[in-house]
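The two complexes that follow have subunit A in common; it is paired with subunit B in the first and with subunit C in the second.
Right after this comes the complex of A and B.
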């Protein structure tokens, strides 16, 4: 146990080193405090914002709620569409043109459109995140399903599996690891879109808070916001990897 | 990522291969027919006032807007400036990312230093730093380009690192025993062997660059397609917004296809090029 803690500490020691350099450089006034506030000041500000009811906790939870709603919908619909596209030819013929047309579009281009169509509130942000993370999920599910080892399919057929059994009991489980990798890509993209959407126009959310504090000149608060969202992104990614390992525990 | 490591023996892939010529011709043309039907439906719905023109202007109106932008020179200027920011930022990210990635494989201390930074930097939403970049580098091209480069470089570092680390040790040993110097091993063995993965990293990073460049332009202005779209949205000019989406979509399409082509050219010696690809 102690071994593990020491190993983790050693692994992350460069971060401590960077933090020390940050604090040292700013304390010694080598850089202007308007460009880079002291780390201790940022952490104090982070604590003040964390206990403020309208502070970090509120705004971060708004962002997470939006991200989860958009991403959740994209996971359900995107996986279904991707798997069905790979399995049924008519679905593939029908959907593929749309995918090919919208896949290369940088999804942030939809920010002005969602604002005009749906407004400034949650539904417009959630729609943006949904559309943005949908296509990567469709594409990875499609490729994963099509890439399933044909030997698996032949043996299941040989043992008398019907088409539907084949799909749900052989193909989907076999494709699951790659499908879940696609979700991880979408998770990262979803965070980008949440923050970008909130930076540009919003009334709350962590992106809004960072922008608001920065424009108001509260740079300590701004850095506190940036550190918070970085931590949330990191923890979400780590949490997802752990979840993925649990779900895919049947693979050697 | 549009290109996924292809597998030669995919039952689903093979099923398509064995189809007769007529059916394959149908497969080829069906997408265009579907897109055509969709575009006609859009035009008709807008002309017949089935939708509110403010929300969905007719396709012809949008195309007219693109035409106006084209003749006034605004389109070329905006695309040019957006592309300039994207490409310079991407090139910076590629240079820095590949160098750090290679060094992480070769030098223990570099690996020790960058490993935790990359593992935190990769999943974090880098655009959150946009206000910080605006504070540090101002409101002009420098902050936009650096934001693009910063957003893209972690992905490139990590794929380069994994790619160079995963190079078959026997290749390196045989080159060494044949008398290759360290530098020769790097450039003639390690880099080519890691090239598919490095290119994959670049292919993942490019769309991110496009997303981020639009966000920076929307956030701080300074011309470019993102700025033009947000201005159109502010003045409630829906055709301008749709024109922007079509324009940036076309740019994105060309860039992604260009990179796929480049990958095939660069990896013409590699076995992945010889197989049929599972590409959407």
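Right after this comes the complex of A and C.
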């Protein structure tokens, strides 16, 4: 157990080094405190904001709620669309042009549009996150499904599987590792879109809080917000990897 | 290319496998089409063990996949036990070189899968699965995933899975090609034992001459691409399938003879590259 903790600390030691340099440089007044407040100040501010009922916990949970709603919808619809596109030609012919057109579009460019159409509240932000994470999920599900080794399909066919059984019992499980890698990409993207949406217009959420504190001159609080969201993003990614390992336990 | 009418077939009433006038052309999205098989005719008798031997790229695997019904037949006809092949079916079990196990299923579930597709009652399925896992010597590994097994063990699972659904015909595509030499010769002996216990029609694709002569009643040697039948070598030795045959003079001579046939084609294939 102690070995594990030491190993983890060692793995993240470059980050600890960065923290030490940050504190040292700011304490020695080598940079202006308006450009970079001291790390200890930021951490103190983070604690104050953390115990404030209208602080980090509230705003972060609003952001997570938006992200989860948008990403959840994208996972369900994106996977279905990607798999069906790969498996049924008519679906592919119908959807492929849309995917190709929207894939390269920077999704943040849609923020003004979603505001104009859906308004300023949660639905417009969730829609943006949904659209943004949908495409990588569709593309990875599509590629994963198309990439399934044909000998697996032949084996199942030879043993008497019907078309539908083939899709659900063989193709989808075989494609799952790559499909789940696509979810991970979408998860990272989803954080970008949550914060971007909230920075532009919102009255809560971590993006809003960062913007609000920054504009009010509370740079320590602003940095505390940035660190919080990156920490949440990091934990979400780690947690997702652990979940993936559990589900895909059959891999070596 | 057109397909010949089924009524004119000679194989329609015959047991075993009848391959008539089969041609197959690969048409890549870019580049010229490649003729893999050219007007190939071959008959495999019921319960015969035939090996198909030839230089790489001669279309021997293609021929096997066509018998399996995995690819549409472009020209000619294949009948298996009197039935025209139009698609895959559980009457023809296949074993692939790279095992084609379902990696997310345990050994037991891999073997059970085909039995479920045969809509057998649960108790019977469990019973058969157990029997075939025992037969290939994997008792104790029922709950392992394929990724936890060695190559030889994976191929045992694949063989158990195929044998469990009791196909009349066994199609094997270089099944021991990915295994090391010791494991391969062990697996050959086991296949002999299994076949001796319940003979089936076996089509065994390989490029290992010794393996072909050892296992098969007859060896069909194919020409370099486009694949045609070059010669059929009788490799049935008195006393039936027996690993000890490999030490006899007749066996060694037959291997040499077959090896020379393959060599001619391999040299030709190399020159045409």
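To be clear about the criterion, the second predicted complex is superposed on the first by the 252 of 252 C-alpha atoms of A that agree within 3 Å, B and C clash if a C-alpha of one lies under 4 Å from a C-alpha of the other, contacts with A are read in each partner's own complex, and residues count from 1 in each chain.
Going forward, a contact is a pair of C-beta atoms (placed from the backbone, for glycine too) under 8 Å apart; a residue touches a chain by one contact, two chains touch by 3 or more.
Bear in mind the structure is a predicted one, so any value in this text is a computation, not a measurement.
**Student:** Here subunit A is shared; do subunit B and subunit C fit on it together or clash?
**Tutor:** Overlaying the two structures gives subunit B and subunit C room side by side.
**Student:** Touch test for A:73: subunit B only (first), subunit C only (second), both, or neither?
**Tutor:** In the superposition, A:73 contacts neither subunit B nor subunit C.
**Student:** Vertex at subunit A, arms to subunit B and subunit C: angle between C-alpha centres to the nearest 10°?
**Tutor:** It is 80 degrees after superposition, to the nearest 10.
**Student:** What's your read, subunit B or subunit C touching more residues of subunit A?
**Tutor:** B
**Student:** Per the contact definition in the header, classify A:154: touching subunit B only (first), subunit C only (second), both, or neither.
**Tutor:** Both subunit B and subunit C are touched by A:154.
**Student:** Figure out whether A:108 sits in contact with subunit B (first) or subunit C (second), or with both, or with neither.
**Tutor:** first
**Student:** For A:117 in the superposed arrangement: first (subunit B), second (subunit C), both or neither?
**Tutor:** A:117: touches subunit B, not subunit C.
**Student:** I'd like to know which partner A:170 touches here: subunit B for first, subunit C for second, both or neither.
**Tutor:** second
**Student:** With the two structures laid over each other on chain A, which partner does A:64 touch: subunit B (first), subunit C (second), both, or neither?
**Tutor:** Once the two structures are laid over each other on A, A:64 reaches no partner at all.
**Student:** Classify the contacts of A:251 with the two partner chains as first (subunit B alone), second (subunit C alone), both, or neither.
**Tutor:** Only subunit C is touched by A:251; subunit B is not.
**Student:** Subunit B to subunit C: minimum CA distance in the overlay, Å?
**Tutor:** Subunit B and subunit C, overlaid via chain A, are at closest 6 Å apart by C-alpha.
**Student:** Which residues would you name on subunit A as touching subunit B in one complex and subunit C in the other?
**Tutor:** The overlap between the subunit B and subunit C interfaces on subunit A comprises residues 149-151, 154.
**Student:** Hey, which residues of subunit A end up touching subunit C in the complex?
**Tutor:** 149-152, 154-161, 165, 169-170, 173-174, 176, 248-252
**Student:** Would you mind writing out the residues of subunit A in touch with subunit B in their complex?
**Tutor:** Residues 11-15, 18, 34-35, 86-87, 93-94, 96-113, 115-117, 136, 139-140, 142-143, 145-151, 153-154, 185, 187-188, 191-192, 194-196, 199-200, 206-207, 210-211, 214-215, 219, 222-223, 225-226, 229-230, 233-234, 236-237 of subunit A touch subunit B in their complex.
**Student:** Would you tell me which residues of subunit B are touching subunit A in their complex?
**Tutor:** Touch residues, subunit B against subunit A: 1-2, 4, 6-7, 9-14, 27, 30-32, 34-35, 38, 55, 112-117, 119-120, 122-132, 134-136, 151, 204, 207-208, 210-215, 218-219, 225-226, 229-230, 232-233, 236, 238, 241-242, 244-245, 248-249, 252-253, 255-257, 278, 280.
**Student:** Would you mind writing out the residues of subunit C in touch with subunit A in their complex?
**Tutor:** 65, 68, 70, 87-90, 92-94, 96, 98, 100, 102-105, 113-114, 117-118, 145-148, 161, 165
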